[in-house]
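Provided herewith is a single structure, encoded as structure tokens, for subsequent inquiry.
Chain nomenclature is as follows: A, B, C and D, assigned in order of appearance, with residue numbering initiated at 1 for each chain independently.
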Amino acid sequence: MVKLESPVIVLNFKTYSQAVGEKAVEMAKICEEVAAQGIDIVVAPQIPDIYRVASRVNIPVFSQHVDGAGAGSFTGHITAEALRGSGSAGSIINHSERRLNIADIDAAVQKAHESELITILCTNNVNTTAACAALSPDFVAIEPPQLIGSGIPVSKADPGIVTDSVKAVKQISPGVRVLCGAGISKGEDLKAAIELGSEGVLLASGIIKAKDPRAAMQDLIKLI
Amino acid sequence: MVKLESPVIVLNFKTYSQAVGEKAVEMAKICEEVAAQGIDIVVAPQIPDIYRVASRVNIPVFSQHVDGAGAGSFTGHITAEALRGSGSAGSIINHSERRLNIADIDAAVQKAHESELITILCTNNVNTTAACAALSPDFVAIEPPQLIGSGIPVSKADPGIVTDSVKAVKQISPGVRVLCGAGISKGEDLKAAIELGSEGVLLASGIIKAKDPRAAMQDLIKLI
Amino acid sequence: MVKLESPVIVLNFKTYSQAVGEKAVEMAKICEEVAAQGIDIVVAPQIPDIYRVASRVNIPVFSQHVDGAGAGSFTGHITAEALRGSGSAGSIINHSERRLNIADIDAAVQKAHESELITILCTNNVNTTAACAALSPDFVAIEPPQLIGSGIPVSKADPGIVTDSVKAVKQISPGVRVLCGAGISKGEDLKAAIELGSEGVLLASGIIKAKDPRAAMQDLIKLI
Amino acid sequence: MVKLESPVIVLNFKTYSQAVGEKAVEMAKICEEVAAQGIDIVVAPQIPDIYRVASRVNIPVFSQHVDGAGAGSFTGHITAEALRGSGSAGSIINHSERRLNIADIDAAVQKAHESELITILCTNNVNTTAACAALSPDFVAIEPPQLIGSGIPVSKADPGIVTDSVKAVKQISPGVRVLCGAGISKGEDLKAAIELGSEGVLLASGIIKAKDPRAAMQDLIKLI
């Protein structure tokens, strides 16, 4: 598996029109250039774009989702095996825009690890962060849903949710690393996220929808 | 809230034709008679039957499901407030036949507790048991899905899943009590469940579909 | 089955705090009194409240949801049989706040009819109205989701969706009756709904959250 | 859009281990060779494999699933736009292993058509076939779930479901073409499917899991 050094930046392309198809490759190339300054940047394009992006850049490409299904009669499910074969190095799981039931989250984490995918399990509050830590993903990413896409950084709006998440995770499953997300876009936000005890950020619109995504990414890392 | 003493027996009526409508009341009355011998028996009829059953027996009546929704625009959702008002003393949550995503499980547990409902959170393996314990329900009920309705008791087929669940729960959230389920029907099964460290059982077909449910329930408690 | 004469008024209590438990009975009694003026008013309280409401009023009580499950291992599912036994005369199906996949909608309509429940199948546009008409419910209720709870009546905001729905239904399944909903609250709205070819309305907040629900209901029927 | 001539053969790779990653390309190449005899064969690999497969064969590559989501905050959703960009010529929608609610089916068909994807909408009985025809996909594919993967062809086990589906579709939406599936694997099955009025078949395990998929595909088309 790829080794990701703190601070980790995970850029979720969602289904934004600014980063689909060939534009997904371009966005990933921008990230690759910024990452060359010595910081781990992960890109998560739409699933049909993973193969294309992964064959064109040398930074880790993650999926936005993976199911718990293995080989068999599971039409339309996203398997860890297929993701791995398409060049994915990991996957986001249970994003608030693509939630799973808890048995499926557990299965998805297991299957992903069998295929040597790094797992980022998204959570919405301290309780579910604690619960998800018990499933032993590589990362949990705490994102209060009301702040997603808001432009108000979680590190400012609700710093306690980050510190309490870090604390809860360390008690239950100390090997699990914590990311935080929602409203993150500036260097100050990333710096605050690290100071609160997280090891990086999960972000999307703040970079993807920026007029100049390269400048936005550059701003994000300026204080670290 | 009702205080349930170990061993606790929770009888899930599912949607069995043997225990719907007036037959649900009859099944609950059988349980009430057996419970009079000094054992806590909880009945979980179909949701539309709760009010009728709860107004006719004096043992705790639980719901088979509760949603995380509160008051508002949530047509068709099952709220804790309405359950409480209909005479429910608690609710099963996340049964393998009615799974929820993890954010909704957390919300359902919170809302249920606000309405003073006892919560039984169902899980399918040790991992998800640990995760669910972190959500602080009153009980977790570990039920390997492949054994549900099989007639093969979990306490015999997979005793390790029960002891490991008990151990995981005690580490994460010592106040949470453990039930076990799947394939339970006889006195030996309940005895084994207790010896493995659980505080009771969740069962269904073994009693409901028995030729003589009263005799089956009597058999279940004979060794305790 | 109950015979409902046009115009039909269906009042969805959703999970509003103004109409749960004993307050659901009170709201239903208000409807019963207004209905005594010679108009068919159906009430749809929360599912746990159906038995209580149905045993206290003489107007039709509908469920807000029914599943396609029959008798068996379907914990937490809402069966037509249990609804019928609890005094329900019908059910809303596939409300935009409680959507079902199409195979389950079909099963729910079938099961409901086997239990002699009247079915109201909710749809969101002309296409899905046409599709749902093919499943032969008693009623389809067209409700553009963006207008639900808006206070802007569909009959004014988008009259074409009502007339086109009526036309589509008549072509595919002429026996199916059309209701319309979303933003309905005043006498003018009901009158317009009828003039557009529908046979009644499905409404909620406009009455339930009114300061004086009786006056609001009285206003609703004043022009017919 | 690609023009597909009857009889159309759609090979669903599901998540079978025999047809993932580079093996998906090999399976598609086998289909391409057989198709060169003058028959339209469509392949539907796992979504992460579409780009790789589509860039290596000249037969139509379909997705196994598409969501109704467009551009925006829809992490993990499969958009028609991304599928189109990855080389997809169409998509299966609402397979029994990946069902959608009816509003989402409608949105998925619309979005797919906007991206010039051919749509195959799966249904489970005559009722839902009629309903889905009203949503104007290019094809409906009727597959009784109990026969999927059974080896018992629908054309033999339940020919009436095919003829009744064809009849229902012609009444509601005559431009919609009918495929049938479930248990199809031999030349006799395809011939029967055509004679019953369908324009082709949707199949999976009969070819993918055959010892010699090329021979199996050759057998399938031998009578047409």
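Everything that follows uses one rule, which is that a residue touches a chain if its C-beta (ideal position, glycine included) is under 8 Å from a C-beta of that chain, and two chains touch if they have at least 3 such contacts.
Just so we're on the same page, UniProt names per chain: A, B, C, D = Triosephosphate isomerase.
Remember, it's a predicted structure, so these values are computed and weren't measured experimentally.
The chains that touch chain A (Triosephosphate isomerase) as well as chain B (Triosephosphate isomerase) do not exist here; no chain meets both.
Residues touching across the chain C (Triosephosphate isomerase) and chain D (Triosephosphate isomerase) pair largely coincide in numbering: over half of the numbers involved belong to both copies. Once the centre of each chain is set as its mean CA position, chain B (Triosephosphate isomerase) and chain D (Triosephosphate isomerase) turn out to be 42 Å apart.
Chain centres here are Cα averages; for chain C (Triosephosphate isomerase) and chain D (Triosephosphate isomerase) they lie 36 Å apart. With centres set at the average Cα position, the gap from chain A (Triosephosphate isomerase) to chain D (Triosephosphate isomerase) is 33 Å. For chain C (Triosephosphate isomerase), the set of residues that touch two or more other chains comprises 96. By the definition given earlier, chain contacts exist for A-B, A-D, B-C, C-D.
On the side of chain C (Triosephosphate isomerase), the complex with chain D (Triosephosphate isomerase) involves touching residues 94, 96, 99-106, 123-125, 127-128, 130-136, 168, 172.
Across the complex, chain A (Triosephosphate isomerase) is touched by residues 12, 14-17, 20-22, 46-52, 63-65, 69-79, 81-83, 85-86, 88, 92, 95-98, 148-149, 204-205 of chain D (Triosephosphate isomerase).
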